[in-house]
Amino acid sequence: MPRWGMTIDLDRCSGCQACVVACKQENNVPFATAEDLDAGRGIYWMQVLARVEGEWPHVRMETMPMPCLHCDDPPCTKVCPVDATHKDSEGLVQQSSARCIGTRYCAQNCPYTVRFFNWKKPEFPGAFANYRSPEVAIRPKGVMEKCTLCAHRVKDAQDRAHREGRRALRDGEVTPACAEVCPGRAITFGDLDDPGARVSELARSPRAFRFLEELGTAPKVFHLRETRHGDG
Amino acid sequence: MARVAALALALAGCGAPADAEQPIPFNHAVHVVERKMACVECHEGVLTQAWAGMPSTDDCLRCHAFAFTGNARALEAGKKAAGPDRDPWVRLYAIAPHAQVSHAAHVKAGVVCEKCHGDTGKSVVARRELMLEGEGLMYWCMDCHAERKASLDCVTCHR
Amino acid sequence: MKPPDVPLTALTRREFLQATGAAAGAIGLAAFPGCKPEWFGDGERVPSGPESWYFATCTFCPSLCGTRVRVVNGNAVAVRGNPAHPKNAGALCPRGVAGLQHLYDLDRVMQPAVRRAKDAPLERVSWDEALDLVARKLEELTPALVIDGSRGLDADLARRFAGAVGGHYLSTVYTGARYAWDYERTRYAMFFGHEFLEDAPDLMDSLRAFAQLRGRAKLVMVGSRFGVSAQKADEFVAVRPASEGALARAIGGRMEIDDAATATGLPTATIERLKREFTASAPQVAIGWRLLPDAQEALLWLNQVAGTFGKSGGLSVALPPPFGQWEEQPQPAARPLPAAAAVLVGALRPAHPPAGFVVALSPTLDDAASSANVVLPTTTWLEQEAVHVPVAAGRQVVAYSHPAKELRRVADARPAGQVLIDIAQRMKDARRHFAWPSYHLALRERLVGVHDAQRGSIKEELFTPFMEKLAAAGVWTDERVTNLATYAAEPAPWRAPAGEGLTLLTHATTTLGEGEGANLPWMQELAGWQHHIGWDTWIEVHPKHGFASGDIVEVASARGNVRARVVATEAIHPEAVAMPRGGGRTAGRWAKGRGADVAALLEDPGPTRVTLRRA
Amino acid sequence: MATADHAALVAPLTSTGRGQKLLVAALLCVLAWGAYGYVTQLRDGLQVTGLSRPVYWGMYIINLIFFIGVSYGGTLASAVLRLVGAEWRRPITRAAEATTVCALIVGGPQPLIDLGRLDRAGTILLHPSFSSPMLWDIVAISTYLVVSVAYFWLALIPDAAWLRDARVGGRLRRGLYTVLAAGFTGTDAQRRRLHVALGIVAVAVIPIAVSAHTVLSWVPGLSLVPMWHSALFGPYFVLGAVFSGLATIIVALAIVRRAYGLHDYLRPEHFAKLGLMLLALSTVWSYFTFAEHLTAFYGKIPDELVIAHERVYGRFAKLFLAMALACGVCPLLLGFRRIRTVAGTVAVSLLVLAGMWVERFLILVPSEVSPRLPHEAARYAPTWVEWSELCASLAAFTLLFIGMTKLFPIISRWEVDEAASAHPKGCEKR
């Protein structure tokens, strides 16, 4: 059984937002209107957070691409009163929009704030309805949703491999939408339990770290620290 | 009364009607039992795709243009009734929008069509064989998945 | 919610009421009479069906990335990069992905429209009527001005059209020398005033170069704004605004280091070190963007001194591909003439809308089209058969795209080139220069040349199999490298730019670009992601000026003034302010009135000095 | 059996004044307005609230904690005082128990208002996940409600029997009294059994009440959110609940005293005693509040410090100051005998109630607006829908309480009589 994970190389991320848009498109996440943004209700399964510190000219800017980190010990799943969110057999933290009753407790307990609530019915006005993807269901209002690490792509690839008589996927055979479009190739997806997989190689690198590791959530999405020319 | 129930379920977003008057009076039995046609000949996606696919009237005409002129006229009438850009069939099988079933994956796993679609192939007027809805249907699916050691992860079907 | 598939007409009212009641009961809504089940929908799913993929070239920016478009049930449902394309190798920038919102733009022009009187509304007419009218008017009202925002074959045809009608031709897209940067082998890259990760003449090159050079080359960003490019560079050199030219001269040995230190505000030791590093790290490049002309000159010269032109790891000028030549190119008028009519091609926004009779060839009702006398709907890049020439170092590339036949038409639109042919053929004199019966054949003539060259990635004896292979691959490339050395004159001595006040720095964003993304909601919402701002234009101001984040200020230059939302940040030089481009459109339901158009402030050649006042 | 002495207790059951009718009408209007707001929310979704990411919980959860807190009055005043045998409690137990039941009926369903999918609320019963503190909470609060109702009913039995025998009200009401009286005729055996039962339930209701609020505090307390994740939360919530519950009783008693002319039963010394208890609880509350913030400020764990700072000096400073004055300082005035009058204690109680609502707000919201990772500046301002639900909840509580006073004597007659027969002096009238 694979244990899916991801690495995001901050050295290769330019904050261009391609992953954010590709994710929205792939997963039928509606765009945020100005009012949504103003109220803090945009939905971004993948987003790039930024923080600026220091004084001119000694400034530092952190850019953090932040999908759901798919914790190995997810704090969100255990607080759900109806088991609408759970870690599945391949390690992905999934959210069932059909089971969810909308208590938003999981969102409260997610230290990364990467769970999103449908404050209203998702809207695809006019001809925008045409570009909705058939792969992913559009969630109704009143339920939570979040990054699935493109589990639908994984499942489709597994079905395909099965049809071809293979039991497991090859490394790199399946990529989430964010990784697919990334101009810097900053995002790597794969099986963390496969020691030869590119993703586990990167996750073992000394540059790898996990956000808020001190909370013991054990994310399966690793970030790789930035370096500068001439560093080690 | 069955119709009332079906419509109630449809209105509640629970599913499609169990049977309906089709624009074209298609007879499964003639094709499948008498002519020994395979399901995949008309439902072309079942072996390779998630969707099964419904034949267009053009697909029908590939055979009917030569042989059965009477039926070809019925086809034309049906096509006209359905209007352009719409396939001329009333769907009988529908599951909740948050669930997806891959036909190809099931066929590959050796699930025969009859497991879910019953005797549709032998019917004169097609009707839905599977009367389960909502969670009832889900547990029926899950029983079979458990039996066959298929994945029981929610995301297998709910995506 | 999905409507029931049961024919409702066949039901008795009693049955219907029973059913509705049962449905309401089933949902447990009894307590709320009158509630419709939509209140508690279960979501939706678009039915899947047969899918097909086709290639398209994104024309939102000069990078011209190769995309693959996925079609299901006649709808385009995804835009992805073409992995076999040498430009982007499967990657895309956010604008490319958002092409879907361009294709299904709610402001698409659905059919030709004419404005009968000055302030009358646009009126739908047939293609024939519109084309006849345009041809007649253009023959009456000479000379005509052709303002072109298109790329590729459409642009070639627009230029030809201008020549055929004896008018002047003006392109609003970047048409300067297209330097190809052989970034894979560069060891030292200096970016002058160049937000290379947000705003570049070739954004895809820039984004990919940065990732590939990380750790292998040193990237130095010289500028007065600390954006994401400054953070991601290996070194950020903070200079006074508009003084990049001085640093370039000093590194090139054309200016005393002490003088440059005064001009830029840098310690002399830093300049000395940069000079040492730059000279010692061949192959090196110095790239500038949004600079004053004198700084741009100095950079060209700096590259020449360093010998980067035509060298591996340096810059080169791309050679045109072996296109078949169209016979006899009529030349447009060299100088702008007092025009009585204007033809606008493609998505563009002229700073001054032309006077007189205006014809707009546009896929959407954008700023220019919405005030035109005649609007002729053209296809978007996702719907058009097209040939493009992306610039890639060390390669010649011809990208061919052709929409899948399964893609359902969105509008009664034609390729801009086709519309120009259609107009020209209705004009007495212009007709002879547009002898092709269709755009497709004009395009084919070009590709015949590529076929005849019998080289590169596709070689076929006959043209038809060549076209088939090209359509299947989406791209023809040839490894043949033809680098041209270029010559730059020694720059004039540095002169401090005139003017007082805060220097306005502008940059495009990866989302809005120069405004291409303005009517795409995905781009609007992400425009100011680093400041959590969307759907608005902001101005980055150093806190010492006393403005707080969120304040609305009026920004005034000698040319005009606009309003913007303040972002008080330490990440900007105290003598500078920075604003994004691409806002303040006047048409388009998502773009109209969103933010401000900084183009209204910019002085030519600059620098633009502005004052801020709380609004 | 009814005596002329207790005419004042029966009067509210049989006649209703004009002012009261108007009040009920007004409250019904507020309730209807709340229902309208709620229907709006069902139709348009929770976008009609001021909630957002990351402020996922707001007004409704604050109201939940607030009303469950208010419900503590009954438990404390009645059960505790009954167990320790405080004789002065006798006239106040019934009103206190009534507030408990009313507050639980109003407070318990608050999460349903907050729910994104009301239509799926039944899922909690079909697919419960007992790893969620929210489920423990549902169990704890429903148990608390059941036990509170049982307790209220047990203490009501002799009075119900009295009303049954006195043939008060129409057929329906008499039927109700007959059922509630459960065949009680006042024999010694019955009285003995009643006392035993009351004793048992009074003992049981205290830990159940404590557990209800502790478990409620665990809903935020067991999460990873800084300043919520605190062992202090259980006792802090319980203490705050007792505090606000007591204030509720004081206000409720003062109102029935005035509205129904019960000055003979509820005398100023009752209010003075309750006022002193309020003062005592206020000091404990201040101690908890101090301890909580000292830990944050001294420990300087960045995540917590940010929130504590926001609360005390930042965006919430004004609210914090108001809360500290209302809950920590004003009750101290009750140390003065001159303030410890009926009016004085009621004024302080009202302040305490408002302050405790603000305290719930300050416990929840500042933690939510300061997420660990740099998100957009979050803020929370309740919308008209949320305020409407608060008003409607308060109206519902008041209506329920008025209903109680119209159905049952709001002074426990038998307990008062019992005292009068046991200690004739203790209950004599002026």
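Of note:
Going by the order they are written in, the chains are A, B, C and D; count residues from 1 in each one.
Note that in this section a contact is a pair of C-beta atoms (placed from the backbone, for glycine too) under 8 Å apart; a residue touches a chain by one contact, two chains touch by 3 or more.
Please read these numbers as outputs of a predicted model, since none were measured by experiment.
Comparing the chain pairs A-D and A-C, the larger number of C-beta pairs in contact belongs to A-C.
Seen from the C-alpha centroid of chain D, the farthest chain centroid is that of C. A comparison of C-alpha centroids places A closest to the centre of the full protein. Centre to centre, using the average C-alpha position, chain A and chain D are separated by 43 Å.
Between chain A and chain C, the centres computed from C-alpha atoms are 29 Å apart. Mean C-alpha position of chain A lies 35 Å from that of chain B. For the pair chain B and chain D, the distance between mean C-alpha positions equals 58 Å.
For chain C, residues touching at least two other chains, in rising order: 27, 40-45, 47-49, 532.
Looking at chain B, residues 50, 96-98, 100 sit in touch with two or more other chains.
Shown for chain A are the residues in touch with two or more other chains, namely 37, 42, 50, 62, 97-99, 121, 135, 137-139, 141-142. Contacts from chain D toward chain C in the complex involve residues 39, 42-43, 117-120, 122, 375-377.
By the touch criterion given at the top, residues 1-2, 4-7, 10-11, 15-16, 18-20, 22-23, 26-27, 37, 41-45, 47-50 of chain C touch chain B in their complex. Contact residues of chain C toward chain A in the complex are 40-49, 72-73, 75-81, 88, 90-94, 96-98, 100-101, 103-106, 108, 197-198, 204, 207-208, 210-211, 214-215, 217-219, 226-232, 234-236, 238, 410, 510-511, 521-526, 529-532, 534-536, 542, 569-574, 594. The touching residues of chain A, when paired with chain D in their complex, are 37, 39-42, 49-51, 62, 64, 66, 75, 78-83, 99-105, 107-109, 111-113, 116-121, 141-144, 211-212, 215. Residues of chain B touching chain C in their complex: 3-14, 16-17, 20-21, 45, 49-51, 53, 90-91, 94, 96-98, 100.
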